[in-house]
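Below are two complexes that have subunit A in common, paired first with subunit B and then with subunit C.
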Partner chain A sequence: MSELLDLVVVGAGPAGMAAAAAAAAGGLRVVLVDSGTAVGGQFWRHPPEHARSAIPTKDLHHGLRQYRTLCDALAAGQAAGRLELRLAHHVWSVVRDGDGFAIHMVDRRDAPREAATILRAPRICVATGAYDRQLPFPGWDLPGVLTIGGLQALLKGGGVAAGSRVVLGGTGPFLLPVAAGLAARGVQVVTVCEAARPTGWLRHPGPLLRNPGKWLEAAGYAAALARHRIPIRPRTAIISAEGGARVTSVRIASLTSDGRPRPATERRIDVDAVGVGWGFVPQLDLLIPLGCALTTSADGNSVIAVDGGQRTSVTGVYVAGEACGVGGAALAVSEGRLAAESILADIGAPPVLGRQRLAAVRAAVASQRAFGRALGLAHPVPPAWSSWLTDDTVVCRCEEVSAATVRSACSDGGAQDHRQVKQLTRAGMGWCQGRMCGPAVHCLTSHERAYTPAERIVATPVTLGALARLDEQPSTSHE
Partner chain B sequence: MSHIVVDGEPLPFTEGQTIAAALVAAGRVAWRTTRINQRPRGVFCGIGVCFDCLVTIDGIGGQRACLVPARPDMTVTTEEGDDE
Partner chain C sequence: MTRKVVIVGAGVVGAACAFHATAAGMDVTVIDRGPVGAGTTSRGEGNILVSDKEPGPELSLARLSRTLWEEAAQEVGPETIELEPKGGLVVASTEESLRSLNAFAARQAACGVRVEPVEHVRDLEPHLAAGLPGGVHYPQDAQVQPVLAAAALLDAAVARGARLLTGEVTAAAADRGGRVTGVLTASGDVLQADAVINAAGTWGGEVGRRLGAPIEVLPRRGFVLVTEPLPPMVHHKVYSADYVANVASSDEGLETSCVVEGTRGGTILIGASRERVGFDMTPNPAVLTTLAAQACRLFPSLKKVHLIRAYRGFRPYCPDHLPVIGPDPRLPQVVHACGHEGAGIGLAPATGALVTAHLLGHPWHGADPAAYTGLLPDRFFTQGGASK
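== the complex of A and B ==
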């Protein structure tokens, strides 16, 4: 595509697809980058285009009509020469470059070989989504214990179920589609342990009532679970997993109001796989080093602060989707549209949406955000979750740091946050850079503040070889 | 069906699957041992965030099996991916 880009969108999930499609429709020259092998992000995760007949996943999806509309809009942008899609490109850093930004990527189309490339653009829209939030428990590092997102990704992306008899646990509505998807592939989902109280929603009924689509979606999953006779146990958690080379059983227990296991309610269930997830952690790796202002979201995470048009505090940086707060795919799409409209307006280009449609998108964002907030409040991390840790429970999976070590870093070492714990214990210093243990270590050290991930210099490991070959690259690469 | 070669053994995969998906389809959820406590590890997050699933592919170490699409005759070695 031409040297003069108007916009780079990072992340081709619901938010990035909507932003890129609308910006291209508005006449901008856009590059849409994603590390995955297909557009769709987590919600519409698909096998790569050429493999869809071999791995059928249509029945696992929701809102496919909107997905196809967005795919068509992206294809129209490509046909018009205004949009370039770069799949299997992982952005590892975005830095200021003159009036705009340099977007550093590794091209992994020929993985495991990789090549570094750079794009330059006056503005970027970051739509990098989120990943599952994890809380350690004894045995959570056994093979066969996966995140619920991981179970879903294997199912939607690869057509495989990671077990035949599964218990799911954690909190939040995302447990339901995963249970329904597994059951649809013949997996026996023994039970779903939901730590929250069902009455949590009653304290904030407004947002639920104003989002009938969410009702319908939830009702659909509830019906699927009923059909497969999968019980949902409220105020229950998986408090340990046992096994050797693979998980063979879990212990579940009902919880007191602060999240302690109730004495004498423990039950053992035989399984060959387990799925756990406690909401999501937004993926902020590219945005924190740029200095984008943060705000606290209701689920206890720091998220990127945006104005009514998805603008961050840094001129030229726009954010859409879960990176500015978790609220589901519909919200992500609305935010993507809104971001594109702001970009067009800030450039002085005519809008894509008419006044009325724009007002409708803004109203949708407001009500879906309210829903997201209510979701965060109704599905909190149980305050006393750490009571189910034993001294030797691994907290940091990479550096194999135990709960006892983290606790003594706080009590004896005086560590006050996850960064100080990292210096004292190496928790968060391994391959994943604290992405898995960060929220848990944060909870173990400081209960009051929101979780802000440590600043990571690179969002993905890059080989020095790939960087060395970068030298003679033109400032904007052509393909 | 196409195959990759895992530790010298052929492993079938369906076009479009990642190496992790091919391993899981064959019933394997662990393929690596941790550095300190020698614990078995395999796929955990499934989306490239946790780095539990590390393998060596065509001689290149530190690869996330859950991200790399399987291609015919790719050689995968386990147990070598944990040395930074």
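== the complex of A and C ==
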């Protein structure tokens, strides 16, 4: 069916599942590609198929009914021959190709063997999600210091608790389900350090009041945390971690209004694991080289600009989910549906949703986006976070570039953004290509502008051998 | 003597011009619309090559530049610019290409280039593919980290009194007689100067036009692949003998010839593609796959190595593939120093010295204008100033 594709959806999380399911239901021939071995993305990450019965994860999930509905819809699309799933496929580049797009992928189903393949389609919907925003602090590179997304992935994907005595820190509501999930698996969550002020929401109460579902969700987690006696400390941050072969303790401190540690409020807590998350960074690697216009999001990120129907500035490229602004799984599903409706409309195919239901989805998107904006404003990166850094704190872990080196590239070298810092210091030139340190280096160089990641024309590492085979056997590898 | 100089362009060539002009006691202002080395300087591999140059003015400039890089490194510190005299190894894939490579090398040797024919290329590079008939070792080939090098040369110039401005030059300022007296910037400033250096690289054509001294400098796109960091496995700059033919080629389409080298960071850089597609930034996966295939043929062990990044840039080339260095015959206060194609990093210090020599009116650090008349802009114009 690849010969006659209508749409390739990249990313099988909530947004991509919804977009692919709706487009297939609308009669389009769709390929849904994901790097994981199962659909669900990060939000609905599950253990591998063969281990699901042995590792219960039901209580860790939210919105499982939605997930099952989407799984059923995808299965229906597959049964009808209109949807093909390509799991364990990593897309490393999308480029214009005639009237449509060439989607360059690496098939890793037989990892470590890699096979490079190409799909061609007139339209793509990119739903590549987001990952945890990290801010460095002394000791953040010790084993046992994880992102909260990483802690969550270990729990949901393998039933693994990364420690037995844990402190979580950062900002944003994602701290709560991670704390609740860890506690549900017997982990002692000593405390949750939330850098924001609880009153931050009061400045923008409207979106919260208009999203009662979010209230209930938060109340549910609050109850779980209360049940496990996990204190949430507002305006507090993990300012350092200590240990040898592994983290053994953290220091936490109350923060002033701009985010400096208050003198004499430091406390040391013994731990064997730490989870940190400062909101999210949207995954834009496939979209920036395509030239999709960006816009600034309230959380300090550049995100893909979309119209009311999830269309980007590039004809034929649609985006759903966190790549056009972080707002959570429910919003992502709604955006995926909207994207599919736009694609159907742009082709001239009849809609899947009736007029009333479409209006309801649009209303939900508007209200959830407002909630996402309020979230970004209520949980900012503290302006003075870099006061936690010592000169020798590693900022870029791949290339081992210290805070002092980054600072001197700015003060002496005249670097004004993370790209220039990279040229002068190698920060962001290593394995992760700045995916981890980029936002931090950006914050160290320019406080005012939104963070736009460096353009990465190779979106995921791929072996030269796989590319070479593609070059040598064009007729067999091109689909 | 010229006292006040404005240099347009803070890439490696502009930086080298500032480095030498300040050393000669001139009052220098460098202006660039972007940060130091953000254009083509940051898009290459940092080559300092004599091996790929045909005998002629460019090879002569390359040999001088090799010495002047050493000299500059003495001043700013070889570590600062990551100068590595690693040497080049050109490998032939067939007996026939080996014969023409050896003939080429013999002509270079006659011009003073050190060349060492190599029968067993794997003695120098153990990871090379088996069965390659031979090659030539060029011990003078070297490498710098180009952005650090540009920054270090500019720092040295600033220490000698140069100023670095961010801004865009919109036009030349001129007196009533039409003599250029400086430049106008987009923010409305006038920078007075006795001479204006066009060191704008790929954008040299546009800057020349704005200054009233248009020259033809065009972009030739190139991609570079970067691998994951590895323990040292490629010790020289290794390239296939086809590379020399491609550098000199005037074909419109895509040309690729493999250039492989290690870096201090442990990554391996793989070049070099050449396409004439204007300033089109669109990534081209077909170029990446072709380069990957060529690199794997040269070094089969690269097959299992991950590509983690690719970048591209635009080499500035003149119609005859030689740089244009010297005063414009129509506006002698405008001195061009651009069009170095893929050799700008290597040729930068000698270009800076040659520009300084033109301004001084006498040789400077081995650069004698009388020896480089073949690089003057005059070659593009008839006596009356019209384009040839």
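One rule holds for everything that comes next: the second predicted complex is superposed on the first by the 469 of 479 C-alpha atoms of A that agree within 3 Å, B and C clash if a C-alpha of one lies under 4 Å from a C-alpha of the other, contacts with A are read in each partner's own complex, and residues count from 1 in each chain.
One rule holds in what follows: a contact is a pair of C-beta atoms (placed from the backbone, for glycine too) under 8 Å apart; a residue touches a chain by one contact, two chains touch by 3 or more.
Computed from a prediction, not measured in an experiment: that's the story for all the values here.
K.L.:
After superposition on the shared chain, which partner residues are touched by A:431: those of subunit B (first), subunit C (second), both, or neither?
P.N.:
both
K.L.:
Contacts for A:170 in the overlay, against subunit B (first) and subunit C (second): which applies, first, second, both or neither?
P.N.:
After superposition on chain A, A:170 lies in contact with neither partner.
K.L.:
In the overlaid three-chain picture, which partner chain does A:416 touch, first (subunit B) or second (subunit C), both, or neither?
P.N.:
Once the two structures are laid over each other on A, A:416 reaches subunit C alone.
K.L.:
Who wins on subunit A residues touched, subunit B or subunit C?
P.N.:
Here the partner covering more residues of subunit A is B.
K.L.:
Going by the contact rule set out at the top, does A:289 touch subunit B (first), subunit C (second), both, or neither?
P.N.:
second
K.L.:
For A:328 in the superposed arrangement: first (subunit B), second (subunit C), both or neither?
P.N.:
Neither subunit B nor subunit C is touched by A:328.
K.L.:
Once chain A of both complexes is superposed, is A:461 in touch with subunit B (first), subunit C (second), both, or neither?
P.N.:
both
K.L.:
Please indicate which partner A:159 is in contact with in the superposed arrangement: first for subunit B, second for subunit C, both, or neither.
P.N.:
Only subunit B; A:159 stays clear of subunit C.
K.L.:
Which partner does A:104 contact after superposing on A: first (subunit B), second (subunit C), both, neither?
P.N.:
Second partner only.
K.L.:
Please report the subunit A residues shared by its interface with subunit B and its interface with subunit C.
P.N.:
Residues 399, 430-431, 461, which sit in both footprints.
K.L.:
Report the residues of subunit A in contact with subunit C in the complex, numbered from low to high.
P.N.:
Listed in rising order, the residues of subunit A that touch subunit C are 93, 95-96, 102, 104, 116, 289, 399, 413-416, 419-420, 423-424, 426, 429-431, 433, 456-458, 461-465, 467-468, 470-472.
K.L.:
Where on subunit B is subunit A touching in the complex?
P.N.:
14-18, 20-22, 24-25, 29-30, 34-37, 39-52, 54, 57-58, 60, 62-63, 66-69, 84
K.L.:
Over in the complex, which subunit C residues touch subunit A? Could you list them?
P.N.:
Touch list, subunit C to subunit A: 35-38, 42, 147-148, 151, 164, 225, 227-229, 265, 267, 270, 282-286, 288-290, 292-293, 295-297, 302-312.
K.L.:
Can you list the residues on subunit A that touch subunit B in the complex?
P.N.:
Interface residues on subunit A, with respect to subunit B: 35, 37, 42, 47-48, 50-52, 54-55, 108, 111-113, 131-132, 141-147, 149-154, 157-160, 162-163, 245-246, 273, 394, 397-400, 430-432, 435-436, 460-461.
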